[in-house]
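Same chain, two partners: chain A is paired with chain B first, then with chain C.
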Partner chain A sequence: GSRLLKGYHGGHVVIRFALGGCANRPFFRIVAAHSRRARDGKYLEQLGCLDPLPNAHGEKVAGLNLERLRYWLGSGAQLSRPAEKLLGLAGFLPLHPMTVTGAERLRQRRRREGQAGTAPADGPGTAP
Partner chain B sequence: GKAAEPKPAFTDEAVQTLLYKMTGIDLHKVFRPVKKELKPPRYKLMTEAQLQEATRKAIEEAKEKLVMPPVLDEREPIDDVLAEDKFLEGTETAKYIFTDLTYSTPHRERFIVVREPNGVLRKATWEERDRMIQIFFPKEGRRVIPPVLFKDEHLGNVFQQDRHEDLLNMCIAQFEPDSPDYIRVHHRTYDDIDKHAKYDLLRSTRHFGGMVWYLVNRKRTDGLLIDMINRDLLDDATSLITLYHMLHPECQSAKEAKEGKLQGVDLIKVFVKTESQREGYIQLALQAYEEAMATSTAS
Partner chain C sequence: PGWCPRVVPARGRKSRHAPPAKSKAERVKMPPPVDPEELLVVLERYRQHRLELSALLAEFRAEVLQKKREERLSGEDSAELLAEHRRLMAWNDEENARQRARREERLRKEAEEEKRRKVEVAEKQARKMEAFLKEKEKEVLQLQEEAKSFITPETLDARIEECLDNPCNYNFAIDKDGRVVKRTVLS
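And then the complex of A and B:
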């Protein structure tokens, strides 16, 4: 049978990133698909795109079809974590708590590295 | 004191009719052959009546082509912050720009927001907006990054080649009517035409009305007046002066014209005496015109 015509028992609709592009050149499509499908396989609808590499003006371009996104969310689709984070950054959803946590952790790690760099004579386990 | 009337706008009916009359319709120039795919010419055999009908239809189509592009004020820069999340500082290296791709929203109302690396979520500037809209909803004849031709240093080359009309057509395709680039290119073109008296380049195109509006607003109508008189376009000259009086009702010649209800050549003479800088030239041109009229009626 054809993989395109496959039907699944169970599973739900998710809005997630499908990876495309070429070697060393990723490109994500924001896609509504069944959760059991392959990552880059047949999807229900494309809701946008994200270019993770910055362009000549130093910006990462992302397009979101908000009207269709609201339709799928209203029909009970779930979001993957990177999709949630992206929508949080866009302002469509509130900021994801892991974004905040990630920022905190990064700041702490940088502070620790800074202290380790400036004071190598200190013993390990300097409290932040 | 007296209450000031609201200044006539570019879109008023009276103004538009005057500008349209001045533009003129030269069918040979409007339907000048445009570079297209090479096709062998097609010939049609017509009676006199059919020829008149075809000419009438051609004039209708020419009217469509001569619709004047809008003249708007420069747009206000967008400066709106939607959210400030300072704790995101340092997580990203580049800014994210999010565009709403809903097909049915008009481009003016589309949401385009930018998340800066310092965590600020702001609305995109007009340049960013135009770029993103061109990327996702491309329009024909428009580039994502405006061509280098529109920079000031390169406009001189275009003007030397007398390609003002092509430049203005490209400008209309590339920029929005209220963007500062559109207004700057148009003003430079009009200034160059005024400096070298190349008014005929734009006559019978859709840019003529805009040029006349620009010159009348800045009271630099002398060159245009001389050109019109030299080409024996007295009606155009009178409509130009009528437009001037509509826009500057407080000037001397406007009051005199209203009192005396002058028409035609007298209107021009009054205008020349009071408002123009280059009186001598205009008087000379008027004299030449009257002599030509006298000889033609005599013979």
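And then the complex of A and C:
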């Protein structure tokens, strides 16, 4: 287990996102911390970072320290849902089911909107 | 339970003691609609995902334990580690001694400088004192010299007679260059 100077009763290590940055400019640090700590508070180790806003080339950039990630996961750290999703997208862990489900839903919604767009276009086109 | 329709909404702006608004009295919260086929598919995906994830985590755990074991076992060739440690400690001691020597040298030089400066200052003080005393001595002697020509009650009459006998004319002008002009009457 992990020992902290703060002395919690219970709790566990989590790998989660700590929010930083300025107004209208978020920036996440991927961090291994005790679960009872504040989101942006003292952490055990920083394992990477994520910039949620796309850059000039339209890419969203993230950095990961896979070596240390393996160590922490092997020592029994838990993951938060967005951290799991990010690692699934990165390929380090298997893809999260909700990523796939979300993509399917989006695709269906787009198809439905496409059909709804063409069907009323056909209607007024054929009627007059 | 959470799916119960008549449930108090999560409080943002209001405290827990504030009553709900009248416009929200008839509000019935329903859970989001769930597609049963999608639900089945999603549950199956979750099961699969958890299997894979737990397997991966078990791998990582095994890796970490292996590393710890190797670390523990490779620490048994402690002879050369000890030798290394002693060598490094010896080198450290040498470095410390060298630094100490340099520091002491510097401190000694500084102490010498201080002493020399102090001595200089004392000397200067002494010289100043001497000069001052000499000045005072000279003044005293000069005063003594002048005291011989002072007018005392005994010599008063004689001096008055003397002054009356030799009248001195102080009527002179002086121009800007300091030359004395004795000729006062314009003629």
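Convention: the second predicted complex is superposed on the first by the 113 of 128 C-alpha atoms of A that agree within 3 Å, B and C clash if a C-alpha of one lies under 4 Å from a C-alpha of the other, contacts with A are read in each partner's own complex, and residues count from 1 in each chain.
The rule we apply is simple: a residue touches a chain if its C-beta (ideal position, glycine included) is under 8 Å from a C-beta of that chain, and two chains touch if they have at least 3 such contacts.
Keep in mind that this is a model prediction, so the values were computed, not measured.
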* Overlaying the two complexes on chain A, which is it for chain B and chain C: clash or fit? -> fit
* Go through the superposed model and pick first if A:117 touches only chain B, second if only chain C, both, or neither. => neither
* Touching partner for A:93 - first (chain B), second (chain C), both, neither -> second
* Check the residue A:48 against both partner chains and state whether it touches chain B (first), chain C (second), both, or neither. => first
* Which holds for A:10: it touches chain B only (first), chain C only (second), both, or neither? -> neither
* Asked: Does the superposition put A:71 against chain B (first), chain C (second), both, or neither?
  -> second
* Asked: If you stack the two complexes on chain A, which partner ends up touching A:101: first (chain B), second (chain C), both, or neither?
  -> second
* To do: Report for A:58: first if it touches chain B alone, second if chain C alone, otherwise both or neither.
  => first
* After the superposition, what is the least C-alpha distance between chain B and chain C in whole angstrom? -> 15
* To do: Determine where on chain A the residues touched by chain B overlap those touched by chain C, and list them.
  => 95, 100
* Asked: In their complex, what parts of chain C are in touch with chain A?
  -> 38, 41-42, 45-46, 48-49, 52-53, 56-57, 60-65
* Asked: Hey, which residues of chain A end up touching chain C in the complex?
  -> 70-71, 73-76, 93-98, 100-101
* To do: Enumerate the contact residues on chain A facing chain B in the complex.
  => 48, 54, 57-68, 89-91, 95, 99-100, 102-104, 106-107, 110
* Structure fact -> In the complex, chain B touches chain A at residues 82-83, 85, 87-91, 93-104, 111, 113-115, 121, 128, 131-132, 135-136
